[in-house]
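Dropping the structures in below, format is structure tokens.
The same chain A turns up in both complexes below, where it pairs with chain B and then with chain C.
Our next item is the complex of A and B:
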């Protein structure tokens, strides 16, 4: 009796010691201090919104949608009407209940032309949201989409409190009131933003009591701060910084695949790239493993075969794209370039490793008789003057789910169709995949589209980038998942004595 | 005398006006503009047109320069798109932080350096002089970012006596700031001390070998009085200009040191602004720096005029 009492007291003391800790995360000031706490703002304050708000659905361990604020969902056979059953008893930080009204408000405002959110293009598929009852929302789409839950899994599609935001669909809502595991205490994107854990979070108390988001714009300063114990975590290390933490017992290093990619783009409408044999020949000259190691280090990448779907995506097609110099030469000869080919490649320091990647490709392509002349363009004005203006140029994209990236970059009518990819069959394939309710068949359809890009497309996408993070070994519960799926509410921090 | 001072003031004003023109022209010469650098990949169609209209970029460069100057004269530096704030709100906190950092460094370093310079000059070629001069050479040749990184490694990472980077809670008081500025102040002072000390030492050596010091010695004036009454006051005149130049150097040093320590001053703001292509903010900070630079040199000129009657003659 006595013993167990003592034991439970000891556990109570130990757990309260743990829970009084503060998790200190650097804020990279990606938008230079113009950060907004509104999740759909073009300058969303990612580190804060990740912890303050919740989504309807979140990414499960298998990459497929799993329950968050919505417990379940089902579609009509034409996949045009989606009914979401909401979790009961969820409250916002201000005590308001979370209801279907909030779902309708949060989804419809993403389309606002005034806010002009980056999510607008994708979310415009929603025609209207009907409030069936307080815990049931029906989303009616303008067109069929068998994977609609994937769209609302986006890290920016968070649920806001309609009442706090005044119900105004066209205004940014910067109250910071959400249903997430942490609530906002003090908001200062240029300094330290303070959060504390939300006592009524539906999924249990967060592992640490407080969180500080500390603005440190400079990567070297972040590294020094982690080394000196002023912060607990760094999102992304460069290849050169990994050794600073790799062999140190005070820190842990974690390398996880992401959907970010850097690549080279050939305009499929302009000579000589209007010939698919030329495009494929250039892409076949690449030794992707060697290129990845040279540019991003051995733990920095996962090789890909010129399609944009990353390794963690449920729809990724595994294709074999080994280097084939003889094959490339044969294709070039067939296309009328038996004596070799000379092209100009426009690159700039726009994305991590873009220039280095171009240099490696230049060297690898030489063996097949392809002379690539690198033209270094200034990064000022690159996106306006070079990108999608020259026939052959560098690009970089952040992570997107398969359906979204394929539609944003390869649908013939897309604004960012950088390869000028104009294929009716491909567009029809995109529509067919969206309409297919059976998962395996849908996967096969998306797979065929990726194979088509490898065979004929204009993108050279040799690798998807890993993110390498470092954190104090006092932290437990940091899952090896990419940043958007990371759940900091599960992280605990041991006291400084232990 | 008055006309001399007025002439100096006029020249300073002209310099600042000229610098502002060069800066504006340099920013104009960059590819793209405020809107394309802010919108990046979204810089197309109606979004770009709206931004250009809001920012008034459809007007000619001369009109915009005139607008900017008349705003700046009235203390309105425009708006930072990147930070979504009027530039006025952004800079003054940072300005005072930088002034605190630079001011403390200068206040500590200058008297100390003058004292060391005199001590070394008076004991020329003695062990004290040799070791001080050697240390000064070392401090002058090692770049401040190297010193800063070394100090961070030893005192922040190994010993954990001071923070490695500055993390200030909102509205931090001076006392909260203090532990954060120890290392940056040490780095800045080291170079300041080295430069000023070398110059003071040289001047003191000159003065000590001058005829009037010889005369005083022959008259039997005690050595400490010679140093205090005759050598040091005369040695200070050339040293003043060096002190002014060194304080002006401090502006460049502060940018580097602030960056290494993540100190929330004008220097880090300047680097962020350059990195973000936040052009109005870059222009403003560069203007502030040039005003400080010109101002410090003006004060040194005027102080030299006051100390040295020879300079007040016409033709100088």
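Our next item is the complex of A and C:
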């Protein structure tokens, strides 16, 4: 009996030790299990690529570019050539050295027409990448871009091993070999994907030995899993879910202002949304402060006017977009809908508050004679089956700098141009802003583009969100920064510190 | 009919069943009068209020009055499932009597098809059909009517086989009457009790099925006040604002219990024991 007790105790201790060194993160299964480990794939496995790969530059705490695999960078006076000095001694998970050749490969493949990466529209500004020496890469742009490092700060512009990927610029690279703090052990996007810390990570050992990315599609199920101790962390809570963790000593709740948004998208090429008056009429019906309070709570948002640039961005334009029901009615009448308008809105629980936001918009729009019928779609596979396939649908975006989001979501050639916004003038405006070296003039140009989106665009972006994340109080080292700046390699779990 | 009613309510379970069912139907009919607020009215200043003098059952996450939504919440479910129950009882009852009367190979082959339908995971098939046809009543009513009609068919057919061997049916056959007069004049009057009880029971099951569909996002759509949808939308609040989830559950449960008790009491008043007399 004593022996078996001792054995049980030993097993329990051993189990808890292993468990204590494993950070368990939920994976939202947004692509229904067809996620790719290639960071520029349209179906990138976000939670994995964030930890397996590194960027050339990363987002600093102030939102500006800071060193990652590139230690420094400088531009020619016309900002058309950018030279990046690379960190020495960095190795990939397979032991290969990281060099300027890998930079050239990783940047140029983003333009591949066969991969059709969502980063393509933004990165097409690159003309070529020259390997000056193994630790120096020169990026030559097709046109001036005064803020080019902001583009390579993107969470998907990761550095891959050119040799492992076969040097093929037109093929997805599913090797999972990066220079990041964790290396891939077992890849199972429908179940549990396992990572272990990379012993030769240039910035020191990660705080936990292993990481598990556990597929949980449903937000309520993720909340239940965190409460039950099956996972350690949730990226975003809804306003109603916060009290579940706020007063519980076993958990910590962190609220961080961000550029994330959940919104509704009108396809500008499909009736009735091909008429800008209809689009603006729908936007004018919204009382954004009331909507934000109802959906995200009074401290959970900052109101916005249907442009994607958040309040913390240096290029944000301030626009007045007060609710105007009579103005909306007049626009509808001018567009031929004097007797009212009926539309279907496809929505799903894809991002926190999406369904509630649709309900609030539905309620506010009916005062202007707009009848919105909500069509609930399954969250599992929503991004593949509904998003950009219906005339009116819900969306959700993470924070991006002004230039990037305006190019990624509204340039006519962008893969994720979800509003099917097709304006040569807008594209020219994007080019002009990038080429402008004077900050004030550049800001004015970006501001004009945001005003144009408010006047004529297809997006309904009523608020930018605060991210409210919850995690086990056993975790230490989770900085109050937005998701793309979060460094899970710095996180330790009680029992794992050595 | 009056005798049936008196016998039904003579036992407490029958009285409770009838009372609950009638109460729910009345509330559904009079909801616009009873509800103190518009059930879809949102209020950013009244989010998740606990039950109080102004909001007797509290408010939900969009500041809507839970009492008003619960009162309206049964209207769609009751009307949709009642219509479906009528369809199911009519077609299932007729087909059951027909196959029970005809017998032979037609009956044998038909029952294998019925068995096949009964062995299917009905919820998945419901979801499949509604995914294709849309989530409105125009799809849900015939779909529920068809699936639950199959079960009624099976039960009624078993009872009809027993009736078909009775002397008065044999006499009608001997008189040379064809199948239709035998079904309508001889068999139907003697099976109407079973049809009534089966229809009532299936109605309560359909209520549960409809609420399940709404819970899964395939029944009622927002902002319609519907019990299943209310539970689905507020379920994450169960530990922080339980009133938003409890009351729709309570309303649905009491209606289903009421219909079940009523159907059992009617069956017993008619001399039917559902557990034995009409079991197949």
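FYI, the second predicted complex is superposed on the first by the 297 of 498 C-alpha atoms of A that agree within 3 Å, B and C clash if a C-alpha of one lies under 4 Å from a C-alpha of the other, contacts with A are read in each partner's own complex, and residues count from 1 in each chain.
By definition in this document, a contact is a pair of C-beta atoms (placed from the backbone, for glycine too) under 8 Å apart; a residue touches a chain by one contact, two chains touch by 3 or more.
Keep in mind the model is a prediction, meaning the values are calculated, not measured.
Of the two partner chains placed by superposition, A:210 touches none, neither chain B nor chain C.
In the overlay built on the shared chain, the residue A:218 is in contact with chain B alone; chain C does not reach it. Of the two partner chains, chain B is the only one that A:43 touches; chain C does not reach it.
Once the two complexes are laid over each other on the shared chain, residue contacts for A:186 go to chain B alone; chain C is not touched.
Residue contacts after overlaying the shared chain place A:378 against chain B and chain C alike. In the superposed model, A:238 makes contact with chain C only, not with chain B. Shared-chain residue A:451: touches no atom of chain B or chain C.
Judged by the touch definition given at the top, the superposed model places A:228 against chain B, while chain C stays out of reach.
Between chain B and chain C, more residues of chain A are touched by B.
By the touch criterion stated above, A:32 is placed in contact with chain B alone, chain C being left untouched. Applying the stated touch rule to the two superposed structures, the overlap between the chain B and chain C interfaces on chain A comprises residues 220, 378. The part of chain A that touches chain C in the complex is made up of residues 219-220, 223, 238-241, 243-244, 290, 293-294, 297, 355-356, 358-360, 362-363, 373-376, 378. Those residues of chain C lying in contact with chain A across their complex are 40, 42, 44, 47-48, 61-63, 135, 217-218, 221-223, 233, 235-237, 239-241. Every residue of chain B that touches chain A in the complex is listed here, in rising order: 30-32, 36-37, 40-44, 47, 80-85, 90, 152, 156-157, 160, 163-165, 167-170, 259-262, 264, 268, 271-273, 275-278. Contact residues on chain A toward chain B in their complex (touch as defined above): 29, 31-34, 36, 42-43, 116, 186, 188, 190-192, 214, 216-218, 220-222, 224-225, 227-230, 378, 380-381, 383-385, 387, 415-416.
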